[in-house]
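Take a look at these structures.
Both of the next two complexes hold chain A, though its partner changes from chain B to chain C.
Presenting the complex of A and B:
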């Protein structure tokens, strides 16, 4: 707990806390996927959730999205305790989740996909004009580069699809947007496009949880990095004053591995003062690692 | 600064959906025509191949037998199309979901048998017999839908079982008689056989339909213009409406013309019913939430489910509609020959209905198609069948040629799917 209170960026702590998870635990049979995980998201803050494969990122996302409710732990939303049992409850609460596969219908056009399941109607028929107008407003706000909203999704690039999926998640005016690996399959330019979009979400005051394997992306847009390792919190860093190596060390657990511990101990002896961040991680991390 | 100001002025003049500089601007009617040509080159063929195919088929058969395009033969062709065409509308719905119903022939046979036994043998009022037969179709569809959604059995297998099972039910209903004649003087048989629109009524309906189309287009145009979106040009609306009216009037005049054996009787009530079903189904598919959800489920079931669409309800409702339309088709077929027998709905009914939907341009892969494909496709199938009949060709040849046309249609579907992919049109 000490690391969470110490780490948040000064800018974030001023803003309202929107979503707060405490002591989240989730078991699948004999597997303890999440143990005592904490997570805070403030308004207008981008929190990167990182961790190795199997660290529990996806499970935590599913807890927040209502796909798998937690076994233990509390969720507080907007200061009030909340129960997220189904995807609909999550959405109603104001949490929008964009899963990695985007869940778009290739054969439908952009407008149809944006309003899928929530179409506007007038006199029993689809109100295409109102939907198209709203689509343009929304896409303009996001400065989305989509040439036409009347072309099927299949003809859009990966970045544009991601944009459509994110824009769709904003239609319900959520407070928190969860993006699951939004840049995983994208090229350089498209990744930049999506990162711009993430910044625009922050500017609009949404809390953003960004799951990513790409440290460059994380450092480019995130305010805070929350590291999960083997289902536990393993560090909470303010991006501004944390180095790439620190985060990697927390992800891989390089600091609680016997071999690397010896190696770092030997290496840090002559240059301990040169790597203050590194050492502090090793310290905060050690008790967590040993209690396991 | 100096570079941004002219751009801003530009934006004010251009509709909200045409501002992107990468969009190839297609202004006015000429631009619209050019855009359509580009769409075709990109593999988004729409109904073009089937219309071209239909014209080719008509030219070939007319050159082989001058009676083929006579008003009398075309009137018969339309009447023959109505029953299987109605079944085919249901098939379009199932194909849009990426599923299939192989039992529509048997279901149509069951409904024909129920009509004949109820009306003739048990003396039910004809309306009751008709409603009972359609309700039976709906129940069969509900049964399929529940099996599909509860147990996840592929629709191919469920309906293959239904194909046999309901053929048995049909034989059981007909009992020992095997063949029941429906009286010629009953209202229903006259509706299917002898009732035709008068020429005047035909013209009035065509004109009214054109007026409705123009008014609806103008209303949509105004609404879009008010919302700052691009709108159809007046020229385009006028040209479309004018073309449709001219084609309809020429067709009506031709179908009512001729003398002696080739005299055309005009447009039958049954044909009007079929076309009305097609137009209505097209509206429902394009303009309602239910229709949108059918396309969504056909495109990506998981996405539709996550978007909050009640996917199981969509599946069940489509199976119910498909079987109900099959029942209606069975009734029309029975009414047309004033008879229900053990071979009603057997033979090529099934495959013709499915082939019509595919030939008309509804994709077998789901999510792509239109109610109009049932209309166009059944015209192709019936034209081939009627032309081969006129040539006194054996049914063996007829089956082979219909099979070849179906194969061609499926190949066109697959190839255009591939070229759509490469042209980025999904």
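Presenting the complex of A and C:
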């Protein structure tokens, strides 16, 4: 399974491009966190964002979440140029981010956590019935195994908490859901639940950006893997054509810096169809059916 | 979960090779030829039959053991009292009958199914009732070490969630999506399931779990489950075909799953369709899998639809997407050619089509029926029914549980007064 094809670009023709980042650059003083980073997410696509510690994954997430606006580069959402200056703007645009710490209140029950900050009211009082109904709706859509929506978060397992955090992110009906290390602190059973959940998000047509260190999880659910290395793009792989080895090599830098490859790819491709990043090793002369 | 009766002991075969059928009569032996030894062996025969079938009516028990109905009735009563068997009232052809299974509290069994792209783990009681069930997606080239590690952790987790402990696990049945060579205990060749070559699956897993592990090809397990409780129930000559990421089949001959000399019988996916076709991962050319396997289907659709998953293809086909319907139908035609050959050779009376692609229903089945009708001997295809699997998506895991029950070690002697 060493063959990877350069064209056609994976999933380019499949569904609408929702979120597109071009030339994102971010500096913190002398630290160059991101340099000229590109990222595309389509509807119903799971994109895994992987890289070593300090590769810039979290910074890129924070750019998309509106925590740290980029210094340079453009963001296009749904075909229109967008500016993400604050977390509220990111959310209003249709990007939901679930951070690693989940930001849940342990002492509140599931419903209260889901609606925290945007509670439903009727006639000036909390409309508990409507909120509880909506909570069950959401959790059922995610096939979540939550015993009751009226128990405090503290009594739920890690996987169940993750589910609640993801359910909360879906309240605003986002187009893109960003999950930052969703399985990092979980046991196997909970990891299984979260991975099933990612599949369901994809089936519902959400674009999903999954940040993970676990290659097995990435290969299990992702359609595409985007590798960051030292703040730059270092490869964009269609999971179906890529082996663990290729991805690991890109993460560790054992393969060439993709930036130079991208430059050559850009030069040789017509401008319109240039999808930077889709530059995995071109080997088009491989015999048909070699990998079957 | 009630504690296990004290007289039950777990056998830990040092060599957990799946071929070894562990006999349960291992305790104090009576003098051969004596009345006691006769009763002992009759008891063992009945328990063996119950385990083998997973459960059956008391009248059938008489038929399959060759003992008289009165003897069966006596021994069943005795074993029920000893807490080894349990009976539930049911009806059989309009008459009241007793359905005999292992007793619920004899212990737990587990089934594990590694698919090409998913892992399924289930824990059941000794009657075959599933108590806990977990599924998780896997990557394309999932590795044996990581996978088996996850199985061990998941099983420990699930058993604990049932308020039980790992020693209560009597046996584990495990299905792999590749031909499994029972003579070596390995997947038959490493190219068939990358990352699994040379791994002694049963030994590695039973070491982790402390229970014997029995491994089989997943299509054989699917066939076993459809034979026991699904679309092939009471059919003596049948075949189960799983059309999914890979294509496999389980052959049912004279009411038993036929595994061949080393366990690789029924590899329908590697039947040659086109001698000059593309190279298959098995090393041959033009195998069925290169025409109807998921990889080929997704490759065909990539030009028009971009990168899809098999689930996407099925969903789109059911929604009426012309390209996806065509691709699924073409896969059906290719499967039909291989099945026609199988029918000419084995003359089954029913073919059960399962696997993920079978969820597309008649979009897949109609081209299969048409091609078999055209290519098989009229006599063979005339008597043949091609039906969808009844246990859709569940067949393999239920088969793994059935395999575990069949091989579970139950110590009879210590518990029954002689």
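One rule holds for everything that comes next: the second predicted complex is superposed on the first by the 242 of 292 C-alpha atoms of A that agree within 3 Å, B and C clash if a C-alpha of one lies under 4 Å from a C-alpha of the other, contacts with A are read in each partner's own complex, and residues count from 1 in each chain.
Here is the rule we go by: a residue touches a chain if its C-beta (ideal position, glycine included) is under 8 Å from a C-beta of that chain, and two chains touch if they have at least 3 such contacts.
If you're wondering where the values come from, they're calculated on a predicted model, not measured in any experiment.
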Chain B versus chain C as contact partner of A:105, first or second or both or neither: first
Which superposed partner A:250 touches (first chain B, second chain C, both, neither): neither
Chain B versus chain C as contact partner of A:240, first or second or both or neither: second
First, second, both or neither for A:189, with chain B first and chain C second: second
Which of chain B and chain C A:119 touches, first, second, both or neither: first
Residues of chain A contacting chain B in one complex and chain C in the other: none
Residues of chain A that touch chain C when the two form their complex: 1, 8, 10-15, 187-189, 191-192, 195-196, 199, 203, 215-216, 218-221, 223-224, 238-240, 243-244, 287-292
Chain B - residues contacting chain A, complex: 16-17, 20, 22-23, 220, 223-224, 227-229, 287-289, 292-293, 295-296, 298-300, 302-304, 306-309, 367-368, 420-421, 424-426
Of all residues in chain A, those that touch chain B in their complex: 87-88, 99, 101-108, 112, 116-119, 121, 124-126, 129-130, 132-133, 136, 145-155
Chain A partner contacts - residues on chain C that touch it in the complex: 117, 134-143, 146, 150, 153-154, 157-158, 194, 277-281, 289-290, 293, 295-296, 298-299, 302-309, 311, 315
